[in-house]
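Next come the structures, one after another.
Next, two complexes with chain A in common: one pairs it with chain B, the other with chain C.
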Partner chain A sequence: MSAMLLNKEKWPEFVGKLTGKKVWAPQADSEGMRFALLAEGEAPVPDYNNTRVPPKGVLFPQTETMLKFQVKATEVDEPELDQETVVLGLRPCDARAMAIVEKLFKWDIDDPYFIKRRDMVTLVGLACNDPGLNCFCPSVGGSPASTEGLDLLMVDLGENYLLEAVTGKGEALLKEMGDLLSEAGADEAKEKEKLVKEAEGKIKRTVDTEGVPEGLPGLWEDPLWGKVSASCLGCGTCTYLCPTCHCFDIQDEVEGFDARRCRTWDSCMFGEYTLHTSGHNPRPTRKERTRNRINHKYSYYVDKFDVIACVGCGRCSNLCPVNIDIIDTIRQVKEAL
Partner chain B sequence: MKMDLEQLRKTAAEVVARDDVKYLVGWKQGTYGYRVAPGFVEDAAGAAELIFSPLCTANLATYLTLVEELPIPRGQEPDDRKVAVMVKGCDSRAVTQLIVEKGIKKDEVVVIGCPCPGVVDPNLLAEKYPETEDQVEMKWNGEGFLLLRGGEETKIARDEVLAEKCRLCRYPNPVYSDIMLGDPVEPWETDEDKGVEEVEGKDVEERAEYWAEQFDKCVRCYSCRNVCPLCYCQDCVLDRLNPTWVNRAVNFSENTAFNIARAFHLGGRCIECGECERVCPANIPLGKINRKLAREVRDKYGFEPGVDPDAEPFQASFKPDDPEEFIL
Partner chain C sequence: MKNGTNPYIPYPATVEETWYETGGDRCIKTFKVVFDDEKVRKEWSHLPGQCAMIGVLGIGESMISISCSPTEGDFLRFSVMRMGKVTQALHQLEVGDKMMVRGPYGNNFPVDDWQGKKILTIGGGVGQAPLRPIVEYVKANRDEYEGLTMIYGARTSGDLCFKGEFEEMSKCDDLACHLTIDVEEEGWGHNVGFVPQMLLDLNPSPENTIVITCGPPIMIRFVLENLKKLGFEDEQIYTTLENRMKCGIGKCGRCNAGNMYVCKDGPVFSYAVLKEIPEAFA
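Let's look at the complex of A and B:
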């Protein structure tokens, strides 16, 4: 299907046609912008920089109830995951992160929760016309208009959105919209190209990853880790707000006689992360934990899945309370190579 | 502001050169924009990078208790040298409170006090003067601030970008220090309970709704706990798995349990440095909770934490005339 145009005035109708599906969209609250489920009749126009918390929770919720049970009973309830879902207006980096993380969840065993959700979701991306200060997606294989992981890409052309289907799901969604859309021409394609180029030009910060994945293991005992982690508080900001961080923990939680087995986000920056029952901790201080975070993204993941597990969204640099800036960390790694 | 950077760096270099000092924690230029990073200084070269400016929001006293100590290998002696730390007025209250609680001992630290005319709220600043990748310099300038970026100077009125905690600050001059840098600043008029009254003014249901909305945003990254100079339990109740006092599940109930637990543990201990609120990625107004409890303790028990290093810790002291009207 060729590219389509949607007049922004018709946005509420576009969203309205998604009735019956769960629709996630960026919404303003006292936190700033965050992805939340749209209530019936709501259709805020997606106009934002990155949300503070990435939309990774749509596929990998911070708390996933795997099953519910009752103390002293034998019945088990498994949650149903088969509701069709649409994510509207996610940024290309966040979608790319989902594609990257998917490799892990489809690796040694298929993760039923992630895969089911991934099957049920249509990801409608919004290209970045105005990247943020710490965006560096082109340095790690992305672009402000990357379609990787997306089903459909929207580009804000001012009055209209240009809609380009990337997958069959995206095409199906465009078909559902029927005469809300009109066909885009060569002018719009040109306009898009111009905007993407401009957006790329606005990205000021870069990292040079050449030689980093292969070189990192050799820096195991390098003093740089002590320097980088000296000020680390050991909080979960960088990992919880990272669209590619995917570590989880599984706990049985009991409230009265009701209990659930749930999977929750975990953070390699926490002291009890992979703490052994014996009391031994393989990463006893923040130095080893910081080293792990960088190695996991820029070396182990590349080794295993041939892609850097960092999409350059800039959240960890933006929100680290003590200015541990991944762009600067990779620069230091390069220097130490 | 008469803070002389030369004097600061010279003092820092002298301190780190001392045989009894391990390292010094101060502020240094961050990696971009308005960012300032904690700097761990061990020599004169490191001392030459230190700064003190309206962008130095972080309370470095937290690094006095954040040290992770590994078992000392056989045959090695523990390094008992002191840690030096640079503090603003509010930060010095954290040091004082740590001394009161015996979290640290006076002779384990060298406290370098920096009188502080108030720091900026980086978010407010970025809203009005967009942050760029270029590093900037910022100075106190008479009643306001001066922003120096790319050869350009911008004067900014104090009220425009002053951090909330500084609007409410009653202790701009360090209350405890071993070395004081520069001249004391004149304290300013404050409305110390601002924000608390706004919440108190709501009825119970409105208040519950307000906090429900706030705690619902919490992602439980624990940055508020970790940045807090007075949250330094080696074995935090939140990390306990057996028994699990607070579940790992992120939902309103657990988030509320966590936030209430933290607030109560800080009652009569929080020194209002505002770090929890600054670092919260979900923008939860944690200062309002802590100031509310601080006010309760002040009104009922006449106690203010972190102002007298020889005080008795509030939660560990008993006076026969303490009010007990909450005991049924």
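Let's look at the complex of A and C:
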């Protein structure tokens, strides 16, 4: 299907046509922007840099019920699946993160919760015309208009959105819109190219990752880990807000006779994460945890899935309370190689 | 179980027999369990070295090595040390109670590749649990292997697991079973001393031999040192790792040692592989 155009004035109609589906979109809250479910009739135009919390929770909720059961019973029920869902206006880095994490959730044994949700979700991305201060997606294989992980890409051309289907799901969504859309021409394609180039030019932060995946394990005893983790508080913000962080804890919760087994986001920056019941901890301090976090993203994940598990969204650098900056860390790694 | 079904669903298994291997605060209790559902029982297949997530609904799950060989029958055995919340709940289970089980997980000892070789197991304490399936597997397929030697030690005779089985074994001509405890005890008719020293004293030949060791980290360290002294190559030595786990299928993240997930890429590793993982002995 060729690229289509949507006049921004018709945005509310576009959103309105998604009735019957759950629609997630960036919305303002007291502390900035976050992805939330749209109430019926709402259709805020996605005008934002990026959300503080990535939209990973659409596929991998912060807390989710895995199994339901009764106390003392031996039969378990699976939770019912969510209905069809559309995520509107997520940034290409966050969609790319979902594609990267999907590799893990599909590795050999499917994680049914993530995979079933991914099947029911249509990801409608919004290319970045104005990347943020700490954005560095091109350094780690992304781009402000990357379509990886997306079903449909929107580009803000000013008066119009340019809509390009990436997958069959994206095409189906465009078809549903019928005469709300008009066909885009060569001018719009050119305009898009120009905007993407400009956006790439606005990205000031870069990091050279060449040799990093192969070299990192060799720096195991390097003093750099002590240095980069010295000010770390172990708060876990970097991992909670990371779109590719996917670690989880599993806990049983009991209330009266009703019980559930649920999973929640966990963080490799917490001591309990690896603590053995014996009291032994293979990663006893923040130095070992930081070393694992960086190795996992920039080396182990590359070994296993051939891609760096960092999309350059800049959230960990933006929101670390003590200003630990992943670009600076990778630069120190580079220097130590 | 199979792909396509939810791998996080545990299946009920009934405790058919249970007994204490050891006493004390960290006592070890063995459970022989059988899946209630015939289909689950038939589909289940494991090899020595693999583990399962076992637990109690409402409390949680722990990854425990399967301590029986598939050659022993359509049941599973687990030997569980009472340590934390889940293992305490497991210890409450008596005959007829239900244990929830999912798996099997992880890789296995390459028992088929070892055919035609001499097998030497070196265990300490509860570390004998993952070694027991190898011993049983080799016993059941005796013609396929050149020999079987077992070295097993614990602090006291009361800390040895599977005691009843070793009597039987020592009666077999082609199986050598060497037991040791740390300090002399009245009536103890076997060796006294640490496992690594006993290994040196026995002085096994590395020729055509595979050695598998499992036990406390300090024991493993000295066993590895002594194996090298005896001329064993890294490729001849195997062990298992353990780490905190939640999912058992390589998703939840926490059990990695370097770029290896212990639940999926392990728990069985050859020393040749382990040597390259910086975190392996952390």
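Here is the rule we use: the second predicted complex is superposed on the first by the 330 of 337 C-alpha atoms of A that agree within 3 Å, B and C clash if a C-alpha of one lies under 4 Å from a C-alpha of the other, contacts with A are read in each partner's own complex, and residues count from 1 in each chain.
Just so we're on the same page, contacts are C-beta pairs under 8 Å (C-beta built on N, C-alpha and C of every residue); 3 or more make two chains touch, one makes a residue touch a chain.
Nothing here was measured: the structure is a model prediction, and the numbers come from that model.
Undergrad: Looking at the superposed three-chain arrangement on chain A, would you call chain B and chain C a clash or a fit?
TA: With chain A as the common anchor, chain B and chain C both fit in the superposed model.
Undergrad: Draw lines from the C-alpha centre of chain A to the C-alpha centres of chain B and chain C: what angle do they form, to the nearest 10°?
TA: 90
Undergrad: Quick check for you: in the superposed arrangement, does A:249 touch first (chain B), second (chain C), both or neither?
TA: A:249: touches chain B and chain C.
Undergrad: Applying the document's definition of touch, where does A:271 land relative to chain B and chain C: first, second, both, or neither?
TA: The answer is first: A:271 touches chain B but not chain C.
Undergrad: Thinking of the overlay built on chain A, is A:37 touched by chain B (first), by chain C (second), by both, or by neither?
TA: After superposition on chain A, A:37 lies in contact with neither partner.
Undergrad: Contact-wise, after the overlay, does A:111 reach chain B, chain C, both or neither (first, second, both, neither)?
TA: second
Undergrad: Could you say whether A:28 touches chain B, chain C, both of them, or neither, answering first, second, both or neither?
TA: neither
Undergrad: Which holds for A:236: it touches chain B only (first), chain C only (second), both, or neither?
TA: first
Undergrad: A:303 in the overlay: touching chain B, chain C, both, or neither? Say first, second, both or neither.
TA: After superposition on chain A, A:303 lies in contact with chain C alone.
Undergrad: Report the closest approach of chain B and chain C over their C-alpha atoms in the superposed model, as a whole number of Å.
TA: Taking the overlay as described at the top, chain B lies 6 Å from chain C at its nearest C-alpha.
Undergrad: Identify the residues of chain A that lie in both the chain B contact region and the chain C contact region.
TA: 249, 251
Undergrad: Given the complex with chain A, which residues does chain C contribute to the contact?
TA: 3-4, 6-10, 12, 36, 57-61, 83-84, 87, 98, 100, 242-244, 246-247, 249-254, 256-259, 264, 278-279, 282
Undergrad: Using the touch definition from the top, list the residues of chain A that touch chain B in their complex.
TA: 29-32, 34, 52-53, 62-63, 133-134, 204-205, 230-231, 233-237, 240-241, 249, 251, 253, 260, 262, 264-265, 267, 270-272, 284-286, 317, 319, 321-325, 327-328
Undergrad: If we count contacts the way the header does, which residues on chain A are in touch with chain C in the complex?
TA: 66-67, 69, 71-76, 78, 104-105, 107-112, 217, 220, 246-252, 254, 259, 261, 263, 266, 268, 273-278, 282-283, 288, 292, 295-296, 299-300, 303-304
Undergrad: Touching chain A in the complex: which residues of chain B?
TA: Residue list for chain B touching chain A: 30-33, 35-38, 40, 58, 62-63, 66, 68, 70, 131-133, 213-214, 217, 219-223, 225-227, 239, 241, 244, 247-251, 275, 278-279, 281-283.
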